[in-house]
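What follows is chain A paired twice: with chain B in the first complex and chain C in the second.
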Partner chain A sequence: MIIGTPADAEAVLQLPRRRRGGAVRKERWKEYGLGYLFILPAFLIFGVFTFYPFVKNFWLAAHETPLYPGNPAPYVGIHQFTTTVTSSMFLQSLESTAIFTVIAVPIGVFLGLALAVIANQRLKGIAFFRLVFSATAVTGVAVAAVIFGTLLSPTNGLLQSWGIDTAPGIAQSPGWALYAVSGIQAWQFMGLSFIIMLAGLQSLPEEVLEAARTDGASTWTVFWRVTVPLMSPTIFFAGVIGTIIALQSYGVVDILIASSGQGSQAVYTHTNLLINYIYDEIYNRQFGVAACLAIALFLITLVVTAVQFRVLAKRVHYGN
Partner chain B sequence: MRLLGSYAGLIAGALIVLFPLYIAVNDSLLTPSQILASPPPLFPTDPQWHNYVQAFSTYGFGSYLRNSFIQSGLIVLGALTTSILAAYAFVFLKFPFRRTLFVLVLATAMIPFEVTVAANYDTVFKIHWEGNFAGLTIPFMATGFGIFLLRQSFMGIPKELREAALIDGYGPIGFLWRVALPLARPVIAALAVFSFLGAWNQYLWPDLLTSNNQSIRTVQIGLKVIGGTIATVGVSLAAAVITLVPLVILLILFLKNLVRALTAGAVK
Partner chain C sequence: MAEVRFDGVTKTFGDVKAVDNLTMTVENGEFLVLLGPSGCGKTTALRMIAGLEEISAGSLYIGDDEVNDIPPKDRDIAMVFQSYALYPHLTVRRNIEFPLRQKDYDKAERDARVAKAAATLQLTELLDRKPGQLSGGQRQRVALARAIVRQPRVYLMDEPLSNLDAILRTQTRADIVAIQQELATTTVFVTHDQVEAMTMGHRIAVLSGGQLQQVGPPVELYERPANTFVAGFLGNPGMNLVAGEVADGVVSVNGTAIREVRASNGPVTVGARPETLRLAPEGLVATASFTEVLGADVLVLCTLPSGERFIVRQALDRPRPQSGEAIHIAVVDDGKALHLFDIASGGRLEASP
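Let's look at the complex of A and B:
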């Protein structure tokens, strides 16, 4: 190699740079490794308990579950799914789930918003009221079910002794059992709805509400004309969350009716929400049927959420 | 006048929430004959504290409580660890398929629990986790929500701060521990509270797993076991109140934090 040409000079100059390039590459591989290492724990759990069962669920739905575990599961394709979702038990369950959701979610959303509006003022003792309004968010469905089960009891319930006839009791009265459990779900969701709405209200521009008020608009007008439109993204968010929660709400019906040991067959049929139906099939080790029901509920959740997005998104006012 | 209206609204709202809760506390302290009276007294004139004692002594609520604390504590610890590590990697480290993998994380939030529950029940039995805390907790130790929330929070940390930390000789772990975690503390606290609430109030999964394994039953399932017959109504309400107390304490301590975490990220 003849030293002195410009190309050589460049080669000499590049030598350390190339070495540095190697070090950088090594650093980069180290960063890749660390990145994968850090996401590994989460992905292990997702892999085993979310992605694998999601796929496995379709396999289960397409195979008849053998009577005894370990025996071969014959492939039945879509047949098991169509039989399950056309059965009268499924259709009844679907109707109950629809009524349950349509009652519980709007009431919970509206009460949450109303409470948030009255709690979003600077008043003495407001911290206490905010705490109280959030309380049902931490009241689990089991606790709510036990409490309302007592209130509504025909033998020792408070409402009964106040002259509101609650006989023959939720578990024996197909006429209002479903409405009672829907109301309990609404009460329980109200707290979370309140927290979401309060967070939403607090990120609204205060000047707009202030301006509307000083313009002499009534509280009612300000609420419907200013607060609700401005809050529509949050209301929408609460509605979607509430729907997802309601579709997965299993405890109220389980405690008050299914496991109470007092439920009549008619009440049981009328309040057999899809999620409770799924549980029963799993408990009886009918994994195939349970998987078909789960797919149905998943599709329903998807469709309802998508419809909410389409219908509401048009009316939702997104600020900058 | 306006002030009066405001307080009237606040008090009406408080009644909707507090009335059922008050009646639960009140009735848990009544004697059986008072509970059956028409109407039952609205104040416990002769408080029956033994209902609370009985929840522990006769119905083993102490062990349910212990199990719930272990179960919820493990879920919180696990979920925080996996979320912090993954969120850190997604924000501060570069690696191939980072975006795709993050989309997968978000996708987990779209797969509802009911779709996975049958297969998970099967899995847990196959690996013999059905009778222990591993089966009760590990499936919930990673959530798309947690990773998303922390990622949002880490993204708020200025890039210059990371560069400065690197120049100061902090490695990635040092930066995570000394800079990123302290800055994200409010969000981490909110996430911890959210996952504790969720874990404590879990019902379906513990119900499935502990139907044949009493030793790891949680408080929620304990409530179901006590049941609400006339004979047990006092104890059952006492147990409901006991179940609620830890969460009310958490709420008192962290409500502001929860609202602020939501204001900062999820709602907008």
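Let's look at the complex of A and C:
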């Protein structure tokens, strides 16, 4: 047994490495090189499709887009960004986006959880309902928009068939259109929310729920006092994901409102979500403005997610 | 407090009978241990008392009430789970208080009861911690406190000691026995550990393959096992069981006459506990395989000429045979040492000496 200070031990241990230093270094580079080789494909794809556009976006935002392609793009610095984000059109779009998200996400989260609780029962044929409940996660946005467009139609829609007169149509009314698209977004997110919630429910510790039942708790109490707190990380996760998805949801408004050719200017203005606004500016060849809007949306997503983490994380219980 | 009565209770999972026609009564105030190997149905039986498993056939009574269709919350039972099943989002105080909050106790009453339960289990210092900040032994005590904070009709414990280390297990075993004695509440305790069963229970019910093998006080099960399963399962190591033959009132093993018995002629299973055997100048012939020193005792593992394994327990100061050495084994003559079992059914032959 060798007795000495830790430094002695370190010296002893490092001796062989120092002697064989050259060989070791060569070995190490070989290993590193191989590692870099493996990440190269992913890195290339990330670089070309994510990193380069991200940087280019900032360049576009700082330059005025020329009217005709090929002409010089004058540098305007932050000016274009400040003009864009203070415009009334942007503020209107921001308000619509906020309403859209605040309606769609909580409803989608709640419906997902409610359906997951139902589908988590051990009943015969429940697998069929799990399939049905999760279906909206894989329903194309175009399909969803067309289905709802038909359901809400003032001439042959569902409400109309119930004798409720909705003329000029919910999706065509400036007061209602935004709520309609918010509802559709909630419905679309419900499927993914359901899948997340069901996975969460199935990983809950069974014995803890059983303990609550033997401790005399009613089904209702077990749900609110035990299931929901234990599910809080999952609910929180679904909320964050739902928010990010809602902020990037383009298709519903585009198909139901913008491309339908039925909307008035007022409807169009009230449902002009930030992401749709960005696409419009791109089609108008206003790349600089679109880039500024994209930066704004990026910052909003960042801030909202950060706030969610800070505020909600305190109320979320993570297991041991 | 109440008795728990199984009347032909059966539980089937698909084609498997987890509990098969169980009829048994846990007396009022009794500490009954359900003992058996994994998969024997003991936990299922316990969960049926709790109401966590539906009863496929038969009736289960707590007190005078048939509880087959009564949900867990209305059965007035308290259960301690193997995993402790504490509420991870609640403090120790709120965990212990949880069952009280489901009933109409006012705050003063709740606080008093929590304080008392916490004091009993030395948890007073830990009341404001969350389960995640506790050690395994502390969590176990919180689970016990959550059970004893109210006075239910029955305590149900599902292997509550199996996740504790050896020293803590011995301590907690004594704690549970003491608490049960003080509260005198009917308790059903599930374990696969026969030491726990022997030391804790007023009576032990041994289950195997979903069927009740024997129920009785620990000493009775140890001294008069009803069948070869109970004989082999109780005791560490269990009873030696080898093929023998009764001829003209004498039982012999491998051709060596062991002792006079009152049994009819024919093949039998002969049982003898390791501590009732000793190495002797003459007796049953065997070959020593190896020895295991346990401390005060030594196990001599040997093989009979028939290939059957045999274990002799002897004191540390006795001479130990070498591996491969030919030895002779004799039965200590106290009249209770030898057990005879039916060769086919494994049931005890009451003609045993």
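One rule holds in what follows: the second predicted complex is superposed on the first by the 287 of 320 C-alpha atoms of A that agree within 3 Å, B and C clash if a C-alpha of one lies under 4 Å from a C-alpha of the other, contacts with A are read in each partner's own complex, and residues count from 1 in each chain.
The rule is simple: a residue touches a chain if its C-beta (ideal position, glycine included) is under 8 Å from a C-beta of that chain, and two chains touch if they have at least 3 such contacts.
Source: prediction; values computed, not measured.
In the three-chain model built by superposing on chain A, chain B fits alongside chain C with no clash. When the two structures are aligned on the shared chain, A:Ala211 is found in touch with chain C, with no touch to chain B. Using the contact criterion defined above for the overlaid structures, shared-chain residue A:Pro229 touches chain C, although it does not reach chain B.
Set against each other, chain B and chain C differ in how many residues of chain A they touch, and the higher count belongs to B.
Applying the stated contact rule after C-alpha superposition, one finds that A:Ala180 touches neither chain B nor chain C.
By the touch criterion defined above, A:Thr221 reaches chain C but does not reach chain B. Within the superposed three-chain model, A:Leu115 lies in touch with chain B and out of touch with chain C [touch as defined at top].
Of the two partner chains placed by the overlay, only chain B lies in contact with A:Gln248; chain C stays clear of it. Superposed on chain A, the gap between chain B and chain C at their nearest CA atoms measures out to 10 angstrom in whole units.
On chain A, the surface touched by chain B in one complex and the surface touched by chain C in the other have no residue in common.
Residue ranges of chain A in contact with chain C, taken from their complex: 205, 207-208, 210-218, 221, 226, 229-230, 232, 317, 319-320. Those residues of chain C whose C-beta lies close enough to touch chain A in the complex are 50-52, 71-73, 75, 77-79, 81-83, 85-89, 98-99, 102-103, 131-132, 146, 156.
Interface residues of chain B facing chain A in the complex, by the touch rule stated above, are 3, 5-7, 9-10, 13-14, 16-18, 20-21, 23-24, 27, 35-40, 81-83, 85-86, 88-90, 93-96, 98, 101, 104-105, 108, 111-123, 138-139, 141-142, 147, 172, 197, 200-201, 203-204, 207-208, 211, 220, 223-224, 227-228, 230, 233, 236-237, 239-240, 243-244, 247-248, 250-252, 255, 258-260, 262-263, 266-268.
For chain A in complex with chain B, the touching residues are 28, 31-32, 34-36, 38-39, 41-43, 45-46, 48-54, 56-57, 60, 111, 114-115, 118-119, 121, 123, 126, 129-144, 146-151, 153, 155-156, 158, 160-162, 187, 190-191, 195-196, 198-200, 202-203, 219, 233-234, 237, 244, 247-248, 250-251, 254-255, 259-261, 274-275, 278-279, 281-283, 287, 290-291, 294-295, 297-298, 301.
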